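This report refers to the structure that appears directly beneath it.
Every chain is named by a letter (A, B and C) in the order it is written, and numbering of its residues begins at 1.
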Amino acid sequence: MIGYAISATKANRLYWLGRYAERVYISLHLLRRYYDRMIDGDSKDEEIEYYKRIDASCTYPDAKSFKLGYMYDKKNPSSLISGIEQANDNAIVLREEIMSETFSYIQLSLCHIQKEADLQDENINNLQCITDYLLAFWGSIDERVFDERIRNLLRMGKLVENIDMHIRFNYPYMRIREAYDALKKCSDCEERIFDPIMLKQLDELITEDEYNVDDLNYKNKVLKYINHLVLL
Amino acid sequence: MDALIESRDTVNRWMERFGVRFGVYKNGVFNEQLFPFDSIPRIISADDWVVLEKGLVQRVNALNKFLYDVYHDKYIIKDGIIPSEFVYSSKGYMPECEGITPTHNVYAHIAGIDLVQAKDGQWFILEDNLRIPSGASYPMIARMITRKVSPQTFQNNAVVDNRNYNKLLGDMMEYMNDDRGISVILTPGRYNSAFFEHSYLAEKTGSILAFPGDLTVENDMVYYTDLDRERHRVGCIYRRVSDEYLDPLVFEPSSLLGVPNLMQAYRKGNVAIVNALGNGVADDKGIYYFVPKMIKYYLHEEPILHNAPTYLPYYKEDYDYILANIEKLVIKDVSEAGGYGVVFGRDLTPKKLAELKQLIIDEPRHWIAQEVIDFKDLEILEGNDRVERKADLRAFVISGNGTKVWQSGLTRFSRNPNSFVVNSSQGGGFKDTWVMEQVQQQ
Amino acid sequence: MKKYFYNYQTITRFDIPVIKHFFLLRCMPCVNACQQGSHKELFLHPSDSVIYGADSWGNPIQYGHKLDSHDSFTFVSSGEARILPYCIPNEKNTDMFKVASPLTEPSEAIKEFARIHKKGKNDVDTALNYANELYSYLCYMPGSTHTRTTAKEAFDLKQGVCQDYAHILLALCREARLTARYANGFLVGIGMTHAWIEVLDDGKWYGIDPTNNKFIEYGYIKIAHGRDADDCPVNRGIFTGAATQQTEIRVIVEEI
């Protein structure tokens, strides 16, 4: 019976669950890298660069509050805790699609980060297990979710987010290309939920010759199109 | 067993992991709380269970017959067993259900019957919940976890496996569906206090969890629309939305939780609604008094399980008794629910007692009174100490192709030592309920 | 026997288009021993489908939906009704019309009113007495109440429209242990729907119009009855869209 009928609302939830889970996973990775750089360099420069990359709506006065803020500030939409809460908000209504066991990795992440948030320790090492949980989450989807469509919708969210984040942080062409190819495979079976015009535009933009993330115009264009690609 | 009891915190961590929570609104803010699990189980012997099971089946069968009768021929009223005004002025009576015959004539598909045990071991029925009784998912998942955490406990104790609730529920839904289409569980949404249960039961029964707006009625058929705009006929809706919100064109017009014209599809017999609409007339506190009479009337049997001794001020004899003995009775406002409209006469000042008497004199139909039962308290862990607390048992009875009692139940206890109220919305926690295997005689 | 032509029009306009519009109407005459219809027609626009059914009281209902975008919704019910003097043989169990319903719960003042005013020689007579007293107590005042106003509230206001007159009279009758129910429909000569009550006496339902302090014989075309107004709304609908709606209702009833 499962997978036999997914409503548009649930499809939207699956997509966003994929996006938020991936956003938290990549943000953890990036924050670790920035916090590491702040050990040696001028931490203010690193903060400012991070803000710029993600078009931050939330800024902090010093390194400590920056670190704590991007981990535990619920009012900061780009913080890890906000991302996990958002992932949980989507996952909670998808229990029967993804199964309790899969859902539990999101719950575990949420419980863990809530407990850590109370401690207000700026060491990001305390959040290693969230990376582990998120990897287990994707593993659990591969192991336990047999419905191709559900997996596809989650994967689409994951790949869109992956491309979005990697472009923001100027990842090299090949990284984007791989994710984009995978996303296009999804579009083969879910034709109707991909905007064909966006797809065509992106096909032209994401080529080895065109790829130029140092050009702000180019970058913003790709970001805009990728976020308008999926019609959910 | 000790191993299990010591594992309380481990079990609660597992519950947290699976998101076993219930939502509470406090000062307008929604919060999801854990439903604290106490690891000392309630144990019901095989012999006790035989009696309980028989009594529960009997009671629910009579209630189902009563519901059919009330919305059709009304023989029980015509024969003077229940005064008509008790039925028609009950808040739960829904004239919109007159003449509607639900699929297979079943009304109370899932009955949650609340019982208490007295010190002498006798069980009493506290109330029947025939609308949308909740709570089965908690002992269901608790058993899954406790077996994992403390396998030796279950090796050493012959406890009947209760992990079949989803099977009982799923089979019943399939029977009610009658091959008409898909079965769905309709939830009001994730901010409902029992949302965990809705989603967990959907997962475990393999049903689709439908949200308001997912279902539409066209030409007296109910459909679930999927992502490709394809419509799937719905044959059975296990709804967790209250009657009054189910169809905004017939009931509460402002409801956004309902499905417009669902009532017409239901009237035509094109969809089973679990539980049926209008069941409130049978679990009304005023009707409770008459359930033993229903058993005699419809089944020609003596009731196996007893009500707590109850007085109805509507009857002169009871009226006099209540006014003379009010300080030793429990007084219940029949129209209230959720553990609020319940007062113990002994807790009231003489002034308050006089006020209450006047209320009863003014509106005798609105009140019932019961003898205070000397509860058998159950042990719970408070920190690391064992203390005794009030507890009740909600037994789940499933009516589909036959009437079956789930061999377990939800045991709720009050946290507060002085409280009789075990409602989970007022603090408190739950226990697993063990029904023991019948020992084979040599 | 008298014959009437009736035409009932409702036009609802939405300031911005709406979608997923579901409706349930009670706008066609009942059929009973004293009321028969012919040439009955229902015109609906726009609508994907309409189904003719009956509610629990046996009142005709018409329901359906329009899923696509639209900015107005019109329905017209018309035909001929043949009417005998108002006296409908009882068919079903009627105990539910003995007890107070949500909109007719009596207040102390209503109970007092019921006690003071003398009962008549039979149930119809009692109801007529109450109607007569009520007629001088209450002031007809359009706009003073709304569709969910209870008998209690209107009684305290001493004002109301036909629905409130009917609710208070029902509260009084039921307080006096009469079996009485709410009825609504079309009335000769006035350009809107009207409400009155029916009282059961010796197995037959008689009509009393408290707004006009009148025992009903002819001229009333019934479309529904129930415990109170909530049981028999003429028009209920729900749609998706943030529109505000304006509804215009026109009724013509003529003897032919």
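Basically, contacts are C-beta pairs under 8 Å (C-beta built on N, C-alpha and C of every residue); 3 or more make two chains touch, one makes a residue touch a chain.
Model, not experiment: these values are computed from the prediction.
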>> So, comparing C-alpha centroids, which chain is the farthest one from chain C?
In response: A
> In terms of CA centres, which chain lies closest to the overall middle?
Replying inline: B
> Once you find the CA centre of chain B and the CA centre of chain C, what distance in Å lies between them?
Replying inline: 38
>> As a quick test, compute the distance in whole Å between the mean CA positions of chain A and chain C.
In response: 59
> Where the CA atoms of chain A average out and where those of chain B average out, how many Å apart are those spots?
Replying inline: 42
> Touching two or more other chains, which residues of chain C qualify?
Replying inline: none
>> Looking at the complex, which residues from chain B come into contact with chain C?
In response: 74, 77, 84-85, 87-89, 93, 95-100, 216-220, 248-250, 253, 260-261, 264, 267-268
>> For a test of understanding, state which residues of chain A touch chain B in their complex under the given definition.
In response: 1-2, 4-11, 89, 92-93, 95-96, 99-100, 103-104, 107-108, 111, 192-193
> Considering the complex alone, what residue numbers of chain C touch chain B?
Replying inline: 20, 22-24, 48-49, 51, 53, 55-57, 61, 63-65, 93, 95-96, 98-100, 226-227, 231, 236-238
> What does chain B use to touch chain A in their complex?
Replying inline: 16-19, 182-183, 190, 195, 199-200, 202-203, 206-211, 213-214, 224-228, 230, 232
